[in-house]
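Labels run A, B, C and D following the written order; every chain starts at residue 1.
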Amino acid sequence: MNTKDIYEMRTVVAAVFLGIFSIFVLKALTSFEIIPGVSYVYNLQGPSIAPNMITVILFDWRGYDTLGEAFILITAVFTTGILFGRGVLGGDVKVRDTAATRQPSVVQKVFAAPLVFIIVAFGIVITLGGHITPGGGFQGGSVIATAFFLSVVVFGLRKNVFSLSHRSLETFEGVGALIYLCLGLAGLGLSGYYLYNVGADFYPGLGVAQWAVNLLSYPDATNAGIIPYLNIGIALKVLSGFCTIITVLMGAEKK
Amino acid sequence: MRSLYDTLHETLKSRGGTHIGGGFTAEYMLLAFFPLAFVALLRGLDSLTSAVLAILVTALVAFSLPLVKKVSRENSDHFAIAAFYIAIVMGLVLFLMVGGF
Amino acid sequence: MNPFGVLVIGAVIGAVLGLSVTSEFFNRKTYVTILGVAVLIDVLMGSYPFYTWDLSVELPVSGVYLAALIGMLAGKAAGGR
Amino acid sequence: MNSELIPLMVVFPLISAILLNLMHGKDRAVRVYGTLAMVVVIAVPLLAVYGNHLFGAHPAIDTPAETGIALGRINLAIEYSFGFLQRALIFLLAAIATFAVLSHTSNEKRASGVYLSMVMLSIAAVSAVVMANDIFNMFVFLEILTISQAAMVVAKGDIGGYKAALKYLIFGGVAGGAILLGIALLLGTFGVLNITDLGNALSGNTKSPIVLTAVGLLVIGWLFESGLFPFHTIKSHIYSSAKADVAALLQTETKIVLVAIAIILLRLFGGLSNMSAVMVGLSVITLAFGSVMALVQTDFRRLLAFAAVGQAGLVGIGLSLGTPDGIAASIFHAVNDALAMSLLFVTVFVIYEGAKTTEFSRLGGLLTKAPRLAFLQIIGIMAVSGVPPFNAYQSEYRLIGAAFQAGYPELGVVIILGTIVTFVALMKGFFLTFLKESTAVAAIGRPQLSNALPLVTFATMVILALVCLGIGLHPGPLYDRFADVAITLTMGV
């Protein structure tokens, strides 16, 4: 039996074991009964903060988890940068910027540029309405990023509708993340609990100063508190994260 | 029959390099490790079965000497080898946990 | 309390993004297209995302959308690139 | 009790990571801020008060009947708990990370803000995993940890690092998926994510196949995060592909995460004999393969990488025994081993910086050129392999005792064997580097090795050696408190 046969045999063995694995997992998944659990309590108390329950759970009860998820994206963006030479030990490696400008067709030219405006405005609406209607920072940021993608795909990286440099994208991302972190710090400083929803003041006994509540309370029928601001931070971060990734990947296209 | 030492020495020498001494130590350590590890693993079974299995494993190990070469090949950096063992362990862990033993 | 704040924030975000838009692909026709389509979309959106206004009738258009778009255009004009 | 400093242990490194990334390119700012930030990172765990922190201030409430949760009271918020164990582990991490940061800012010609921000992200992630009393929050920060560790390896900028990091991320995806699926099964069945609540809901409920599947999936995740058996080649590849000062940080993080997740598993499923058997088995295999593979390596960094993985197996054995003695000894060994292994990695870092290689065939006869380095390395070797006056002796001796007491005498023998093999392997490395006559070294012996060691590096090595000696001479203060932690842990089960 030569080496190749051994490796083919190994594939079969691995497949058998993965089959066992998936049988057990599928059995568990098909046979388990889901109970409402804590989400029942979240849904019970949520409407007094904002109408959109998903956003309220994501940004109030599990706001800290959302912070973590945002940082997964940030870490991934930084790592992409490192992969293409930014911040490598011993000095940055410059990737040759050879991404040619594209010659768009007439149809593309006529439609792409106005569409960018329309999409960006829609993304802003989704972001700002996140606590009332389905939507939010992640979704709004991704929608705005698609406008950037569209212009990059049509006009090329060098000459596209947005003249966003790597540096300014980074600043956007940093600002977005800092908005989130600092709103959390505001909760910590004013109430003693990180990411306390200051504007909504859900537990009034904590002694949060009234001026802070008024400052962060959002002009809306319900008092979503800091959630809309968190949405804005996340949107900035997500859109600049996606834009950075596509800038880096497109820039390295013909390396 | 040639002595075990000679067999080992020749095989290890064929790998070249400076680690013949290390290879020898590794070889004997593996001989000691495998039965002991198996005894520890088969704790759940009754003592007679585990003893028999341990002896079997020892015999198996002893007859398949030298082991070092195989062991270091199976622990190399290759993606395929790592993926193979991960697949096996993933199946095995769930089998042992859910299927019980 | 009327949510004017959201209009301002929308316009500001739009302006920030608009600052980086280059003028190369825009001429008068493009702006007309943008405004026309935007008004159409705005009417179709209705009062989405359903901010509550203290008005006698429900607002038939999405104010945030219009604010964001105007902010973007203003930002682009101010950016001057 | 609510301590306001608890979230800062995670949030401050996160803020620093963002700021350092923004500062990238401004060399001086990066150096100054990176150094100052480490002062805060070290100070916060020392100043914080023991207690719990509820994020968003949501308190525990009486459970409404409609939730279907079989508990009287449940926690609504994400909770962090901070006690002596957490303080010790985070302080250890901060200390080793400080070395990595200082080594970067003092040795590199151009400081890299992105790289330092990755170090900060990994500090934040490990601190969060250590303190998290919420199983989903643990998962989120484990993901950050995996990516930032891969990034630290990639930052070295050579093709080997790319390969290792890619492999690490691919298998990290598998393990992360397994953990998430396990968490989903537990959440769906019991309705809570808080680990204390989940432990209460689980007590006496651990026999259903769904729970057992979840346990299996979580154990697979644990194996990856701590580099145990099927993942040991990946971890050792990562360690040896990184710069040696980063590798010191990586192996410290791995050991801390190993302890943290194992403790969570023990708190949730402590009485489960299946889980204990699987964990013991895979730890033993890791110990065996790790130390044996260390013996046959021809490169000092790879040798150390495998030795570190083998020692992780040793830590895993004690934890999976589940007895108070075993857990206490394991935590103690994790701390000791992280310190001693860091010392060894730093010495190898110096050798690599001086000789530009760690291949044994190209090293030799360095004793006359770097006697102080040789002395420190032999201290490190003795400390790692449990030679009496040093710290690992105290913990390994207790581990063996715990194994005998738990009724696993053969595990005691395995531990002794593993220690011997590690000692032989490391001594072989020492011999080939410092004692063997070699002509090759004449060509590569650089002045850095013979004359002044960099001050930061030398100070770190001396401090680590002294700490190893100090813990070895006075294990009591540290071990007794770990024993208290272990006793409270097993009481809860």
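Definition applied: a residue touches a chain if its C-beta (ideal position, glycine included) is under 8 Å from a C-beta of that chain, and two chains touch if they have at least 3 such contacts.
Because the structure is a prediction, the values reported are computed rather than measured.
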| item | value |
| --- | --- |
| Innermost chain, where centres are averages of C-alpha coordinates | D |
| From chain C, the most remote chain by mean C-alpha position | B |
| Chain A and chain C, separation of their C-alpha mean positions in angstrom | 23 |
| Distance between the centres, which are taken as Cα means, of chain D and chain A, whole angstrom | 29 |
| CA centroid of chain B to CA centroid of chain C, Å | 69 |
| Residues of chain A touching at least two other chains | 24-25, 28 |
| Touching two or more other chains - residues of chain D | 209, 213, 216-217 |
| Touching two or more other chains - residues of chain C | none |
| Touching pairs among all chains present in the structure | A-B, A-C, A-D, B-D |
| Residue ranges of chain A in contact with chain D within the complex | 24-25, 27-29, 31-42, 44, 60-65, 67-69, 71-72, 74-76, 78-79, 81-83, 85-93, 170-171, 174, 177-178, 181, 184-185, 187-188, 191-197, 202-203, 206 |
| Touch list for chain A against partner chain B, complex | 7, 10, 13-21, 24-25, 28 |
| Of chain A, residues touching chain C in the complex | 109, 112-114, 116-118, 120-122, 124-129, 132-133, 135, 144, 155, 159-164, 168, 218-221, 228, 232, 235 |
| Complex contacts: residues of chain B adjacent to chain A | 80, 83-84, 87-88, 90-92, 94-95, 98-99 |
| Touch list for chain C against partner chain A, complex | 1-6, 9-10, 13-14, 17, 20-22, 24-26, 30, 33-34, 37-38, 41, 45, 48-52, 62, 64-65, 68-69, 72-73, 81 |
